[in-house]
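Two complexes, one shared chain (chain A), two partners (chain B, chain C).
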Partner chain A sequence: MPILQHLCQLLYDSSFGTMLRESNNAFSVIESIHVLSITLVFGTIAILDLRMLGLILRPIAVTRVARSVFPLTWTGFAISFITGFLLFWAESAKMYPNSAFRTKLILLALVGLNPLIFHTTVYRRVHKWEALHLAPWRARAAAIASITLWSGVIIAGRAIAYF
Partner chain B sequence: MLHAWFIALAHSPLGQFMQTSRWGFAVVEMVHLLGLAVLGGSVLIVDLRLLGVVLKRESALTIGRDLGRLLMGSLGVMVLSGIALLSEEAGKCYYSPAFRLKMVFLAATVLFYFTVHRRALQVAELGPPTLFTRAAAIVSLLLWLGVGVAGRAIGLL
Partner chain C sequence: MLACVVTLAAAPAYAHHSFAAEFDITKPVRLVGKVTRIEWSNPHTYFYIDVADASGKVANWAIEGASPGALSRRSWEKDDLKIGQTVVVEGYRAKNGSNTANGRRVTLPDGRALYGGSPGDGGPGDNGTDQGDLPGTPIAK
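Entry: the complex of A and B
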């Protein structure tokens, strides 16, 4: 058995994992919070992305929008990460071979890479373009990548139940 | 009368497709969720502006107008995808207390949005947040949350 699969099985068989899985309400409550926090992540970051694409809030500087949404996005990300891990804990042995779950993890890795590249390149010079209605093409590319990848995360996440 | 509409929806070509297709329901559910994410974000930012938490120095009317378009667009996507989801089990939803509650919340929320909430944005445009704008923001957040929680309950109850 591969080591990762073994770890998944250990989590699955643990008493906490079993308790979550067999609980009447805990699992669906955590699941609901998970969905709500993903809404917070995608809904807030999409506003920054659409601003950089010049579609909304054009009179407001990109940095002002960014500073307003980042704390919300990060809060949402932290909550969705914790609740997501709890959901995984309960179903880990079934998640290991689930292709939608694997796709979601890959998309999450890519969606993390995107702001890393964005912040170390074009965003470093943001003070030169923050007031422009339409951000430079590299920022627009990052915005489109962000919207696409986060949509993919949501789609793959929903698909987990169907595999 | 209303019950007949629900039955007609279930028997419509859309309903038949949603009931028999293997991926139809899943795909429409994904679209519904994507709509929810965009809607949730715009509701939150507008209401946090009314509360004076974010974008304090920016025009409340600009934020309300731009994000209002986003909100209405995503609400449109959610209503259309919602009708398709409903057609899959319209007969059951008609009797579901969670579904009925969701529709009541939705009607109240939309009504509030076009009346009190709109007025609150005009007040917020003129100066710092007041008790009225703050209360409107809190009520708006609670109403939208109510729609979501009742909606989530449809599948659980």
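Entry: the complex of A and C
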């Protein structure tokens, strides 16, 4: 048995994982919090992406928009990560072979790579372009990548139920 | 890696979904068998029964049901079904032809017949309420 599958089975068989999996209400409550926190992540990150694409809030500097949304984005991400891990804990042995779940993890890795590249390249010179109504093409590309990848994460997450 | 992908494609549908996503309404099935395994799990419960056909050949069937919470609201609790007990299941076969069925009417060892479908899954008996309309026929005593 591959080591990752073995770890998934250990989580699945743990008493906490079993408690969540067999619960009458906890599982569905965690699911709801997971979905709500994802709306917070996607909604706030989309505000920044749409601003860089020149579609909303054009008179406001990109850095101001970024500073306003980031605390909410990170809060949403922390909650969705924790609740997502709990849901995974409850179903880990069944998630291991799930192709939609694997796709979601790959997309999450890519969606994390995107801001890493963005912040170490074009965003380092943000003070030169923060007031522009339309951000430079590299920033627009990052914005489109962000919206596309986060959409993919949500679609793959929903598809877990159908694989 | 390729073997891994092939295994993925063959993995059974286990997670949360509507009735029509996995089951075929044109393939009703009635099964009587002994319980071999119980997964009292979210978002769907499963139990497995050994069913003998006319020639005596035994096949193991997976029976999918609603979540633990939904079954509990119908007074079906985890301990109501135990390994080795005999149950009667009226339901619908999986579209993929495997020995999997969605149990719509399950007659428990204590004689109670209960609705097994998920609330709002759009399958037979789903009437929008927690309880559902109990489909199938009562067992003649």
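Methods note: the second predicted complex is superposed on the first by the 163 of 163 C-alpha atoms of A that agree within 3 Å, B and C clash if a C-alpha of one lies under 4 Å from a C-alpha of the other, contacts with A are read in each partner's own complex, and residues count from 1 in each chain.
Everything below uses one rule, namely that contacts are C-beta pairs under 8 Å (C-beta built on N, C-alpha and C of every residue); 3 or more make two chains touch, one makes a residue touch a chain.
Keep in mind that this is a model prediction, so the values were computed, not measured.
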*Between chain B (first) and chain C (second), which, if any, makes contact with A:144: first, second, both or neither?*
neither
*Would you sort A:99 into first (chain B), second (chain C), both or neither based on which partner it touches?*
second
*What is the contact status of A:91 with respect to chain B (first) and chain C (second): first, second, both, or neither?*
second
*Between chain B (first) and chain C (second), which does A:113 come into contact with in this model arrangement: first, second, both, or neither?*
neither
*Once the structures are superposed on A, label A:50 by its partner contacts, choosing first (chain B), second (chain C), both or neither.*
first
*Once the shared chain is lined up, is A:160 touching chain B (first), chain C (second), both, or neither of them?*
second
_More chain A residues in contact - chain B or chain C_ = B
*With the two structures laid over each other on chain A, which partner does A:78 touch: chain B (first), chain C (second), both, or neither?*
neither
*asked:* Just checking: does A:22 make contact with chain B only, chain C only, both, or neither of them? Give me first, second, both or neither.
replied: second
*Identify the overlap between the chain B-contacting and the chain C-contacting residues of chain A.*
28, 162
*Can you list the residues on chain B that touch chain A in the complex?*
23, 26, 29-30, 33-34, 36-42, 44-45, 48, 54-55, 58-59, 62-63, 66-67, 69-70, 148-149, 152, 156
*Where on chain A is chain C touching in the complex?*
20-25, 27-28, 31, 90-91, 94, 97-99, 102, 160-163
*Would you mind writing out the residues of chain A in touch with chain B in their complex?*
28, 32, 35-36, 38-47, 50, 56-60, 64-65, 68-69, 72, 150-151, 154-155, 158-159, 162
*Touching residues (chain side chain C, partner chain A) in the complex*: 7-9, 11, 13-17, 21, 40-43, 67-69, 72, 78
